[in-house]
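This is the structure I want to talk about, given as structure tokens.
As written, the chain order gives the labels A, B, C and D, with residue 1 at the start of each chain.
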Amino acid sequence: MEKRARVLIDCHDAKGLVYQLSKVFYERELNIDSNREFVDQENGRFFMRTVVTGLFEQAELLQALQEVAPKEADIRVIVPKPKKIILMATKESHALGDILIRHADGELDATIECVIANHDTLEHLVRRFDIPFFHVPTEGLSREEHEKHVMNLIDKMAFDYIVLAKYMRILTPTFVEAYARRIINIHHSFLPAFIGANPYKQAHQRGVKIIGATAHFVTNDLDEGPIIAQDVIPVNHRQEWRDMQRAGRDVEKVVLSRALSYVLNDRVFVNGNKTIVF
Amino acid sequence: MEKRARVLIDCHDAKGLVYQLSKVFYERELNIDSNREFVDQENGRFFMRTVVTGLFEQAELLQALQEVAPKEADIRVIVPKPKKIILMATKESHALGDILIRHADGELDATIECVIANHDTLEHLVRRFDIPFFHVPTEGLSREEHEKHVMNLIDKMAFDYIVLAKYMRILTPTFVEAYARRIINIHHSFLPAFIGANPYKQAHQRGVKIIGATAHFVTNDLDEGPIIAQDVIPVNHRQEWRDMQRAGRDVEKVVLSRALSYVLNDRVFVNGNKTIVF
Amino acid sequence: MEKRARVLIDCHDAKGLVYQLSKVFYERELNIDSNREFVDQENGRFFMRTVVTGLFEQAELLQALQEVAPKEADIRVIVPKPKKIILMATKESHALGDILIRHADGELDATIECVIANHDTLEHLVRRFDIPFFHVPTEGLSREEHEKHVMNLIDKMAFDYIVLAKYMRILTPTFVEAYARRIINIHHSFLPAFIGANPYKQAHQRGVKIIGATAHFVTNDLDEGPIIAQDVIPVNHRQEWRDMQRAGRDVEKVVLSRALSYVLNDRVFVNGNKTIVF
Amino acid sequence: MEKRARVLIDCHDAKGLVYQLSKVFYERELNIDSNREFVDQENGRFFMRTVVTGLFEQAELLQALQEVAPKEADIRVIVPKPKKIILMATKESHALGDILIRHADGELDATIECVIANHDTLEHLVRRFDIPFFHVPTEGLSREEHEKHVMNLIDKMAFDYIVLAKYMRILTPTFVEAYARRIINIHHSFLPAFIGANPYKQAHQRGVKIIGATAHFVTNDLDEGPIIAQDVIPVNHRQEWRDMQRAGRDVEKVVLSRALSYVLNDRVFVNGNKTIVF
């Protein structure tokens, strides 16, 4: 039966790659529905995302591609199906709520496994959507102890991505490394401006005329991970920082959902500390 | 000696195209610096723009590509060199001036052959840049007679594109067909809103909160040609239509220059009444 | 006890108006927290929105302002309290869901009286938020009969605004006039481009490079009412009309919520077929 | 004879200010064409910009306003006339050229007194516009010595503002203080992101998805002065830093010209390290 695959390749650049790879598709009589390539000339790396349809066996296709690509190549042959995500939040509902609505609407190509929060503020909202909610309070716990509780929960589930929908706690290297390249965060500023706490207050104090939001993969360096998506809105002198915060929420939720959509559709490559979004 | 070519292909979609075409590059040991493809599924058309470097003979490469592509394929092998453009204007200097400054700065990959205007208002400005200026007045002439004078001028020159930098006269089908797909216009609205005369007055009267500009290829249908680039800026109730006009000029000139840059870099395909910009 | 009022004045422009009006505030020792004025020179109209705090009696303040303003002046002294809104929807959940989340979050300065829909698709979602949902099916009913059912529902409730959160039916003049200037609609295009049915299909067909959404008051002329807010996002040739639709939803919901926030904060004046948003 | 004045007031906030000030206008039978106020609640400061027309004597009007305003009030009664500006540049022509074109077009409400540059690269361009060009080379000079030469030039001229149209040298405190609040700079990043050298390289390295430009008053803290205007454009992984630079130039010139237009129209107040733009 005809099926569809997203083929993602990330390797050293080499002459003839496109030819060799397209030959594999050609020999299997696969249709190329879309094809995006990018060569990072500076670092000599090649990235390709091809959507093919036809008759193929996933493992065989992967192996054939591996045979023609450089040895170190990272090749994925993905037959699209909904990914599993875990949401983490604190008290604010706008980013989380936006994802819940999209999920309820069937717009998100994902299933939400659960919501984990360090406060119970959002429990009522989450339960409205019949999504499991786990409250992991921080009281009396060290950062490490709290995270251990969270990780115990997470590790019981199969999942593809952890989405920090305004999770307002810093994660330890242990946590970050355990789920490397699988944690997506929304930061409420136009990074790298206003790293750290209360970026809206910082923005107000600096008197900027534009504010923004940044969705990025989480790494050990606070707010320094590979950026997936950003957007901005104009502000003016009449806006107190709380007005900026209110206005900024719309950007935050839209940027997070946009980044999430890219990731769920396997459109994102991580290239050092940057992303390639096809 | 190593050289670079932009290869542009526009043809019916067919299985194996990418393979067949990349094989041609592979056999000649050409490097693929960048490669963009798009399949218009609705109309079954395939578009590709590939930049290759290496040792090749332009005519031979073209022929080899023609042999593997469908018969009706439109294939171009372009070894980049500055294109020749003719500017047409009326009285307003912002769009024209922007192009003149870019040209003087060496930023534009083009030579300006001349400026043709139906008023002499801009002569002084153009002469500052040592560019030939031709004033073709309209007084006492029918539209056809006036255009005949303009065409006489144009036809004496070798050129790639005619850029209407706020040329405020409607062109006849004769003119448009003579230079089909080679005339670029900037329209001072976010098309298809406010087609026709004084779009800023129309925008003001309608009370829109955003205005824009549109660069497009000129066809016989007024302001209906394939759109190359668009951009917008916010406006508010405090702005009279003249304020909108003033603010809009910055969008016009930036959008026109952006479109021009796409065209000069052979990044634009015309697909029916749309464009593909790689 | 100190209280706060929003004073809104809309009248013919006249010399000394600011002086006369500010004198009224001054004599009552009211603090002016913010003050916005606009004179529509073309039509000779004056608009003012002043936020005052202090000790005052609402009716007395109104009367004092009426005495110094032109006779035909439309003056409102509003002591802020949550407004009552009725939502109308069809099948799409993004705009409705966004408002429900904001409401649940306490972000909206309004109470949602109910949701009225011509399909029952959204009932489940609305019930999650404990908001009354009325399904008024259209089967077997003329447009007038259907609207009569809707109006019967509406007229039993006290409300300030009707918000059409993607209500995909055209309203009759009877309906529109019954609630003049109190119906807010979100149109899924950058008006006046793509009036009418399926603007995303129209946009795709026209090959635009930007799409948008428009929130406006509903009048008898389809999609021609006073515009409250607009926004846009870039699109490209790779997006089918359904991709544009998906991307456009984020703009729609943000623009509708922005317009709603303006209206709920009494920041909007209607001036002929335009709005003034302070 | 009727004339027009821009009245600008910056003082401690106090009850009755609007009343007292508008009374002055009222008693002189002046028409208020437009009026903008802002109260910085945090710092208790009041800002007003009023455009009045009628019969008045400038000094008398100023005195009358001073009598009713707080003692420390900074009050200006400006009868509009073209301001005098000095441009400073280095080698890049886009920002400078944009201002020259606007000036030649009569669009700028200013006269350009001269251009001062530390290289002679732009001399040819400037001379095309019959504007005096002074080349002040830096070779063999300390920063202080070079600036002394520049200041000697500047101090011979009457001027309102110095516009740094991509002047790529850091100014000493001596220079900055000599012309405090009169120096406008364009920085080629979305401040406070990427302060300092080569922001496009920094932006490319950080992998941002949006770049921008910032026009600000120059203070002693590098790139830290009050921001007047900002704007942004999207970028992607395909753009090398030089592509970002090229794309960024359009933002730079538009933002600088926008800021300049605000300043030339006396629409900008400096409020601590921020601006209020009416």
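One rule holds in what follows: a residue touches a chain if its C-beta (ideal position, glycine included) is under 8 Å from a C-beta of that chain, and two chains touch if they have at least 3 such contacts.
Treat the numbers as computed from the prediction; the structure is a model and nothing was measured.
Considering the contact criterion stated above, the chains in touch with subunit A and with subunit B alike are C, D. At the far end from subunit C, in terms of centres built from Cα atoms, lies B. Rounded to a multiple of 5, the Cα-based rotation taking subunit B onto subunit C is 180 degrees. Separating the CA-averaged centres of subunit B and subunit C is a span of 41 Å. Distance from the subunit B centre to the subunit D centre is 35 Å, each centre being the mean of its Cα atoms. Contact of a single residue of subunit D with at least two other chains is seen at positions 34, 38, 41, 238.
Remark: subunit D residues 38, 40-42, 190-194, 206-210, 212, 226-232, 236-238, 240, 271, 273-277 touch subunit A in the complex. Every residue of subunit C that touches subunit D in the complex is listed here, in rising order: 15-20, 22-23, 25-26, 29, 31-39, 41, 234. Touching subunit A in their complex are the following residues of subunit C: 34, 93-94, 97-98, 100-102, 104-105, 107, 125, 128-129, 238, 246, 249-250, 254, 257-258.
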